[in-house]
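Structure in structure tokens, see below.
Chain nomenclature is as follows: A, B and C, assigned in order of appearance, with residue numbering initiated at 1 for each chain independently.
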Amino acid sequence: MAYTSALTIRYLKTIGIVNNGSNGRGFANPYDVAFGADDEIFVLNRCDPARRSGIRVGVCNIDEEYLYEFGYGFGDGEGQMTLPVAMAFDSEGRLLVTDEHTNRINIYSKKGDVIGKWGVKGDLEGEFHGPAGIAVDSQGLVYVSDQRNHRIQKYTSEGEFLSQWGTKGANEAEFNLPWGIGVDTSDNIYVADWRNDRVQIFDSSGQYIQAIGDFGEGQETLNRPSGVSVDKKGNIYVTDWGNERLQVYDSSGQFISSMRGEATLSEWAKEFFESNQDEMETRGISNLNPDIPDHLNTPYHISSQTESYFWGPVSVRIDSNNRLYVVESNRHRIQIYQIG
Amino acid sequence: MSENVSIMAHLMRRAGFGATRNELEVCLDDGYEYTVEKLLNPGESNHMPDDIIRRYHVDQSELRQLDGAGSYWLYRMLTTNNPLEEKLALFWHGLFATGYAKLNQARALLNQIDMFRQYGFGSFRELLIELSKDPAMILWLDNNENHKEAINENYGRELLELFSMGIGNYSEEDIKECAKAFTGWTLGNAEYMSVRASKDSIWPYGRIAWHYEYRADDHDGSEKKFLGKEGNFNGEDIVDIIVAQEATANFLSTRLFQYFASDEVDADGEFVISEMMQAYFESGYKVSAVLRSLFNSDYFKSEKCMYSRVKGPVESVVGTARLAGTYQEPTLDVHSLWAQTMFMGQGLLAPPTVEGWHEGVEWIDSGSLVERINFAAKELSDPTKEGVKDIIHRVTAAQKDLSDSEKLVDSCLDFMGPIQVEADTREGLIQFAESQGVVRTEEGYPDQSGSTQIARLIGMIASTREYQLA
Amino acid sequence: MGNKAKSLVVVQLSGGNDYLNTIVPYGDDEYYDFRKTIHIEQEKVLPIDKVYGFSPHMAPIKRLYDEGKVAVINGIGYDNPNRSHFRSMDIWHTAQPDEIGTEGWLGRVIRDLDPNAENVLTGVNFGRGLPRALGVRGVPVASVGNLETYGLFPDIKDESAKKLALDAFAHMYGGVQGKDPVLNFLGQTGMDALKGADVLRTAPQKYSSSIEYAANPIAQSMKSIAQVLLADFGTRVFYTQHGSFDTHSGEIVTHAKLWDEVSGAVGDFYDDMREHGSEEEVVVMIFSEFGRRIKDNGSGTDHGSGGVAFLIGGNVKGGMYGQYPSIKEADQLEGDLHFNNDFRSTYSTIVDKWFGLDPVPIVNGQFEQFDLVNA
């Protein structure tokens, strides 16, 4: 639990279990979450090559009921996805999903019907080269981080190009392979400027406001941030992908805290152990927070050996109930925290 | 000059995965011995960055399964500027063959490969100690079941037989004493990890990677007799005794010779091996010293040594892709590249048994040969690939007259290697070049269809018997 | 037609087929107690008797069963069952449960059928790479990804360009033998590959049938097997696989689809053989590396032991063989069905009774055989 006078972040629960197939309950390299109007949790499964035929969006709720799923297979056909990265609901309640390989945004209804798509490969206005993060502001306008064009593009909800900013570089308002995008209540845009190890903040017209973080493994720094979200009070949450942790900053960009994760068994995990007692027994006599030998003393290796820690945190999002969701691609689960 | 090119190309085929002509020119400027030193002292290597790979490939970030882990290692081989580091790691992987099938732990296998990179050039003593502490090896050869009260000899036996001395140089009693000395050398949470491994379990949240743990209370601290020496030996002491043996020097030198120089050992080879053994002892068991002695020997640089090895599948796939200049950026295709090595009979991180792969001509059967040829021919007959373009450019610059099929063939053979071929092969290639018709040029350069023709000829050269040899 | 050589088609169900939802103990209440979510409803089962029945997605195999052409081998497995895919599959492939084996049992069958390796097509695998079951040093086996394009240079689409390439290849590989034994060996191997491919590729042209196989991979593989078998190249052992049966999640949907595909393909294959009067010359064996846990996990089932295999053919004496293991808690093996017959009994039956070979060196030991094929 992290505290400041103004902010508490309390661990609630973990949802998920690794899904080894092409359908059904569980997640396969989840990459992002989005929240439906009725508190459904939409989870984007990027899937590894062995499971690519099952590339899909799974829908569950906070009570861990697995409700339904939709997907149209791997590829660039109608409704299909190849390397999906992020998603967001637009102002019409349609789900927009970016795909960094097909260079387009797929549009689905919340039930999974294919509504449309936009985007072509290129570096002209409105075109994409590796679209990654996506966010929708209070006006219904859509922001996409155009990864390999190192810029942010802004569209209407119909995919009509409005404006763009940024170019490759490490100076103010320049980007290096940007990833996640967040929006605050004033429609300011927060970009996880991945390979520049910082989050950059702009107003909705693309005017630079400030940057947070610089490279490193120190407490306040960032190493390849993947996702960013802002709560109602303006506190900023960043999945610090390269350091396998969650960084929290206040609205002025002052560092507040750093979290390594505290996952517990989901209901689905518990059901697994009920029918696999032999594993539960040996698990019971194990130390799941072991001391790691020096040569493996990196955040990545520590997370690979410590099940409760974040591993491959690729996105952080906040729902309307002020719950914070950290999506872990390598652990196929979502850790949920209550912001208070 | 051309003899130098041949010898340098030979060195790079053996100590690496072959070299493009651009790379060879840099080596030639440096000179042979300097290049050998560079290879033997790699320092920090340059290769496709981890963060770039991990962001693109979820499977290579998680490294849960064999395909992702194999692809990840292939990227390293494909993009490294220190090819010997990877070639040597592949050697150790074949010698200390640890396989996925029993472990179901790709991350632990890659950690083992990292260990080979770190210790592979240095003292054989350190390497064997690290090997004995390697969690993948511990589970692979059941040392987690080797207890003070109940010895499991598996690791002790293979350490002597397959990893250091070879059969006939120790007794069954030595094996038992050796195994005793390694009791208590296990991995963290051994019970749980062993159940998960045996069930191939990834539940609930993917795999949990492994680390070494020494359990002093499970170590047999009694007096031991090993290879004529007596003492209260622990594993390190056993390794000290092993590495000082003549048999170990011979075993290691011979295996390195067969991997880097020639599948067959003749009398000249025996002489080189005796020099390698000398280097082993003089350097304090340093692997780099043994290799230096080999690479700088007259035998290694002789005609006889060239093309005397059948390329292994991984070597062949990586060499071809490096020549074509492909896979330098993350691509989904890397997964099928990995699958290719499986089809050809060498699944990285999945050797069939602790004895590793059967090498030499045993790599070849009709199925694996077809896979090799089809892969190499496809990869290299594409004129849009950077490496192929470069060969076409060089051929064009060297041959004013592209209509002369003989010269065209010889020139392609030169810039692809140089590759030496039999008369029949050369005739077949010339016949092929002629059957395609005259290469048309525009302002001295082949036009699009001309480039395609030359590229197809390059693909045909990659289909020859000689291309299967290193 | 009657004097054709006997052949075997092995269909591997990769990933661990759920025995309990394949041959369903629908008359046993405990099945529904352990399988609260992942079960097949009583009224949907295709009954064999009052207790057991086929999954509703196996209608074509059930039809053959009713004709007496399907042997169901219940409770198949081996001692100290391994629940890891790779290792357990290795055990089935090498017939060596106790140590890591190097030779495949079917590779040995092929070697004994064709000791001088005179026919490079005695064993044919449909799929890329070589399953370990077929791997024995010195035993050539063709691995066919796609019958139409099988062989050298499949990536050259232009037919005339491909012909030039193949001509050049024959020149380079088929020349006079030189003094270098390695180059000679490569030359010989290359020419073998060239010839084998030339022969195999003619199979589709020789074939005609009224059977329309489905478009899924296993149906297409079975069609290819029918084409090669009927083309009479002397192929005796065919191998293919389908999957993934690793149904930890969403099992109901996945398992149903997989069995629809497998049983459809096998049913069509049998009908195809019958249409060509060859159903008595072929046996199809279906197996998987292990069964699955008795208790479900809420969405699927996890790795278990104790499985089921099938032998199907005109000369198979249909029926239930082996014992269907009890699912009572007290009879379970670490939460799994307890196997009661070693898989090498089935292998021995095939090797001895079907092929007339000595099974002992092939399956690494003497095992009791079933009386289930007409010799």
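Heads up, the rule we're going with is that contacts are C-beta pairs under 8 Å (C-beta built on N, C-alpha and C of every residue); 3 or more make two chains touch, one makes a residue touch a chain.
Keep in mind that what you see is a predicted model, and the values were worked out from it rather than measured.
A.B. asks: Compared with chain C, which chain's mean CA position is the farthest off?
C.D. replies: A
A.B. asks: Comparing the two chain pairs, does A-C have more C-beta contacts than A-B, or is it the other way round?
C.D. replies: A-B
A.B. asks: Express in whole angstrom the distance between the two chain centres, defined as the mean CA positions of chain A and chain B.
C.D. replies: Here the centre of chain B sits 38 Å away from the centre of chain A.
A.B. asks: Need the CA-centroid distance for the pair chain A / chain C, whole Å please.
C.D. replies: Going by mean C-alpha positions, chain A sits 43 Å from chain C.
A.B. asks: Would you pick out the residues of chain B that each touch at least 2 other chains?
C.D. replies: Within chain B, residues 199, 201, 203 contact more than one other chain.
A.B. asks: Quick check: what residues of chain A touch more than one other chain, meaning two or more?
C.D. replies: If we look for residues of chain A contacting two or more partner chains, we find 17, 20, 268, 272, 276, 278.
A.B. asks: Which parts of chain C, given as residue numbers and ranges, touch two or more other chains?
C.D. replies: If we look for residues of chain C contacting two or more partner chains, we find 248, 302.
A.B. asks: In their complex, what parts of chain C are in touch with chain A?
C.D. replies: It comes out as residues 244, 246-251, 253-254, 293, 295-302, 334-335.
A.B. asks: Under the touch definition given earlier, write down the residues of chain A that touch chain C in their complex.
C.D. replies: 17, 19-26, 66, 268, 271-272, 274-278
A.B. asks: Over in the complex, which chain A residues touch chain B? Could you list them?
C.D. replies: 16-18, 20, 29, 31, 46-50, 82-83, 101, 177, 179, 194-195, 224, 242, 263, 265-266, 268-269, 272-273, 276, 278-279, 282-283, 285-288, 290, 292-293, 295-296, 301, 304-305, 307, 311-312, 329-333
A.B. asks: Within their complex, state which residues of chain C touch chain B.
C.D. replies: Of all residues in chain C, those touching chain B are 82-87, 90, 100, 102, 120, 128-130, 132, 137, 140-143, 151-156, 161, 164-165, 167-169, 171-173, 175-176, 178, 180, 182-183, 185-187, 189-190, 192-193, 196-197, 248, 302-303.
A.B. asks: In their shared complex, at which residues does chain B touch chain A?
C.D. replies: 51, 54-56, 58-59, 61-65, 67-68, 107, 111, 118, 188-189, 191-192, 194-196, 199, 201-212, 332, 335
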